[in-house]
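Paired with subunit B in one complex and with subunit C in the other, subunit A is shared by the two complexes that follow.
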Partner chain A sequence: MQEMIKSKLAELLSTGAVTKVIGWKRGENFYDVSPAAFESVESLADFVYDDFCGANLSKFLVKEPGKESKVAVVLKPCDTFSLNQLIKENRVNRENIFVLGVPCEGKLSEEKMRVMGIVGLTGCKVEGDKVTVETLYGTETLDKNDVLLTKCATCHSKKHVIFDELIGETGEDSDVDRFVGVAELEAMSEDERYEFWRNELSRCIRCNACRNACPACTCEKCVFDNDASGVAAKSNANSFEENMFHIIRAYHVAGRCTDCGECSRVCPQHIPLHLLNRKFIKDINTFYGDFQAGADAESEHPLVHFTENDPEPSIVKEGK
Partner chain B sequence: MQIEKKPLIVAFCCNWCSYAGADLAGTNRLNYPANVKIIRVPCSCRVNPLFILKAFQRGADGVIICGCHPGDCHYTTGNYYARRRITLLFSMLSYLGIEKNRVRLEWVSAAEGAKFAATMQSFAEEIAELGECKRLEDLRCKK
Partner chain C sequence: MKLVKDLSALYEAIAAVQELYLPVENKGRVDFKLYEAGANVDIKTLKTVRSAKDFFFTQTETLMGFKVEGKNIEVEDLRPEVRPFVAFGVRGCDARSFEVLDKVFLVDPVDTVYEARRKAGTVVTLACGRPEETCFCTNFGITPEAPAGDVTTWLTEEGLYWQANTDKGEALTAAIAAVFTEGDGKAVEEQKKAISDIIAKLPLANLDMTHLEGVKEETFWGHPVWKDISETCLACGTCTYVCPTCQCYDVRDFDCGNGIERFRCWDSCMYSDFTRMAHGNNRNTQDQRCRQRYLHKLVYFPRRNEGMFGCVGCGRCVAKCPSKLNIVKVIKALGGK
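And then the complex of A and B:
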């Protein structure tokens, strides 16, 4: 698979069809695969596509003012939703992008392995629902479901919604219920929910990684970079900013969040941010009809659209 | 002497309907609680969710948003947008465990002075019952 992708990318670069490729490259450790740009055929030697390519590359395509060269990007199915959404918002110029769709069977989480006591990873092979990992200390076989990235465990679609060329085949929408976590919280009492979120959100260190990684968060001037906003940095006095930051972060992407799961994946404090985003997605689905951001480039954004018979906010009070 | 700390209520009222409704309540000499502080906005859809959170940060114990009845917006459709935004925000606040009665949205027209006074009265009573807002407070602003 990796070699097929590589040779396609090499062809694109050598014919001059694109001047840059956005893909992944191995970092210091085997599992440490990060986004990278490749500008020559030789540099493609470092290109990697394996089970640790969780990062969504769509955000790297956001327009750089004044730069209009053609770029190729390698996207997994879920990443294509993000790109579609960016095109819809005019943040990416479709003509300047070549999308190479690649299949994905769910990516793995090194962090989950580490929690299970598996360290010093040097190799990894997935066969069906088993994962064989090689470490400095020997070989082990694990259940794939135990070490899937959280976002991949509830993947909503394996279908590429936008691409110029596919390597392998595209998949189908999945019918996994991604709202189980949200429903569990909704079923709790107000106090229990408050306790749950206090416990989660108070760990936030305001590194802003969730915002930076999010392909929907692409404002040039972010409210959280504005010192006058009163929420530009973490307060050590109390909990207000944590609430404020997290409500506003999730709110600003409501209706645009494609549920790509990057925010939760990058959070160094393991805060389940997807539970906030999915609450908005679930509410939009129940109040205003099913909506999947990024599924197409035409449909109305639910927050800049309305119908005359929308429910009143008192629907929240009536308890759901 | 101990000064009784009344719960503080912030009311965002749209210029065209609800603010005029408040005016009417005044000219009709209808009482509404003095701890309701009105902030006039051009339209209910001018109310950014951040405004509501900011009000809580600065010590509000309850926030109410008032606008023209759906269909009567001075700008034709502003309140329809507001309705969606505010519904989602209220739902999120409740999801985070913030008491759901601390926020409310009411449609009050320019002719409804009595409704304005009654709404504020009932909201103030509700907030008085809930007491101080502890779950969204910012200690730095209380100094």
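And then the complex of A and C:
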């Protein structure tokens, strides 16, 4: 698979069809896979596509629109939803992007291994639904499901919704119920839910990884970085600020979040940010009919598009 | 050698004489927290997410206030009251980071808030029973098998071995004398040996850093690695916020309606407004910002501090960068590897 992708990318670079490739690069060890730019066929020697290519590369295209050159990007199925959404919002220039779709069977998380107490990671082999991990302290065999990235464990689709060429086959929408976690939160009392989020958000170090990795967060100047906004902040001074950053962000991406799961993947404190966004997704589905952001690059955004069938705000408020 | 068999009794004893901070687990993440009975103390997990620098250089703090009435400005001292405290379970890398921070905050003009906390804190370090593949402290002369600190401890099957190293450490030991028994210390020697054996196998334990010795400030300015990493650096700041030695802060005024509060908070050289001045900013692109972060640690800081690097090899940036960019990659790239 990796070699097929590489040879396609080499062809694109050598024919001059693109001048840059955005892909993944092998680093120090098995899980050390960085998003990277490749500008020559030789540089592709380090290109990798494996079980640790979790990063969503569509975010890196946001840097490119002012530039005239063509760039190729390697996207997994979930990542293609993000690109569509960026196209819809005019944040990228579709004409300059060559999308190479690649299949995905779920990516792994070395952080989950660490939380399970498996540390000193030195090697890893995936065979079917088992993962064998070599460590400085011995060998462990794990169920793949237990070390999938959270976003992959509840993957909503293995279908590429936009591509110029595919390596391998595209898949189908998945029938995994991704709203189980939201339903658990809904079942809590208001106080319990407040406590749940306070505990989670109390760990936030305001590192901005969630915001900066998010393909829906593409404002040129975030309100939290803008001195003129009155809410600019580099740190959370108190619990109010901890909450506000996340509430504002969740509202701002509501209806635009494709559920790519990057926020939760990158959070160093394992805060389940995707649950906030999924609550909005679930509510939008309930109130306005099933809607998947990024499924196409044209459809109307349900929260900014009025139809006569829209529910009345009072009904929404009561949660009906 | 002093030995504690009952860790809860130790925590209770320390907490009875001073504020005790120690690693506490919350949903799989471990950070230093104020001890309270029933806390989910976790001293087996090697590294806290946040570093231990928070003890002395906190993420936000209010420094002073101003009240304006007519033509008068009244200045208020709003520096926090600092009480004696014990930082328990600090690893060798974080303990060294305090020495790095001292070079910044304790030189003239001395940072009085930092100094007050430094004086008030007793650092109890814990040997690293299970070093991880991200650790590379040994490149900086740190000894994870016997970390420096006011007190050094080793967690063994027998219990926690305890060795006071400084006056502060002796004072704490005397104040909680009732919790100790005597052990033969054999387990400590065994553990030191076991740690050294693991260290020998760590993939990053022996980095070649000779190319960084005695170089001029501008030596690596035009190096291609800055553009390479900036291509996929998200400019998030995670690397700087988890780093024990990152020391930059911003000072701002907050209008409370009835006055002004001047506070400081951590800043990150990865941010677009870092060191912005009235005329604009002297670093406008992410490759310049990445260059600042790494050369500050690897070249500028050592040039001003008798060769002491501004990195302690804790490996947090290695484990936490969402794009898997980190100082090890930079060290290797600068050396041509």
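In this text, the second predicted complex is superposed on the first by the 286 of 320 C-alpha atoms of A that agree within 3 Å, B and C clash if a C-alpha of one lies under 4 Å from a C-alpha of the other, contacts with A are read in each partner's own complex, and residues count from 1 in each chain.
We adopt the following convention: a contact is a pair of C-beta atoms (placed from the backbone, for glycine too) under 8 Å apart; a residue touches a chain by one contact, two chains touch by 3 or more.
Predicted, not measured: the structure shown is a model, and the values here were computed from it.
Of the two partner chains placed by superposition, only subunit B is touched by A:A250; subunit C is not. Residue contacts after overlaying the shared chain place A:H270 against subunit C, while subunit B stays out of touching range.
In the overlay built on the shared chain, the residue A:K279 is in contact with subunit B alone; subunit C does not reach it. Touch criterion met: A:N29 reaches subunit C, while subunit B stays clear of it. Applying the stated contact rule after C-alpha superposition, one finds that A:N212 touches subunit C and leaves subunit B untouched. Of the two partner chains placed around the shared chain by superposition, subunit C is the only one that A:N199 touches, whereas subunit B remains out of contact.
When the shared chain is aligned, no partner comes close enough to touch A:S299: not subunit B, not subunit C. In the superposition on chain A, contact of A:K59 is made with subunit C only, not with subunit B. Residues common to the contacts of subunit A with subunit B and with subunit C across the two structures: 235, 237. Looking at the complex, you find that subunit B touches subunit A at residues 49-50, 53-54, 56-57, 70-71, 77, 80-81, 83-101, 104-105, 135-140.
Interface residues of subunit C, counted against subunit A in their complex, comprise 26-29, 31, 46, 49-50, 59-60, 130-133, 198, 201-204, 228, 231-232, 234-238, 241-242, 250, 263, 265-268, 271-273, 318-320, 322-325, 328-329. By the touch criterion given at the top, residues 185-186, 190-198, 223, 229-230, 235, 237-238, 240-241, 243-244, 246-248, 250-251, 254, 276, 279-280, 283-284, 287-288, 302-304, 306-308, 310-317, 320 of subunit A touch subunit B in their complex. If you check the complex, the residues on subunit A that touch subunit C are 22, 27-29, 32-37, 55, 59-60, 111, 114-115, 119-122, 136-137, 199-200, 203, 205-209, 211-213, 225, 227, 233-237, 262, 265-266, 268-270.
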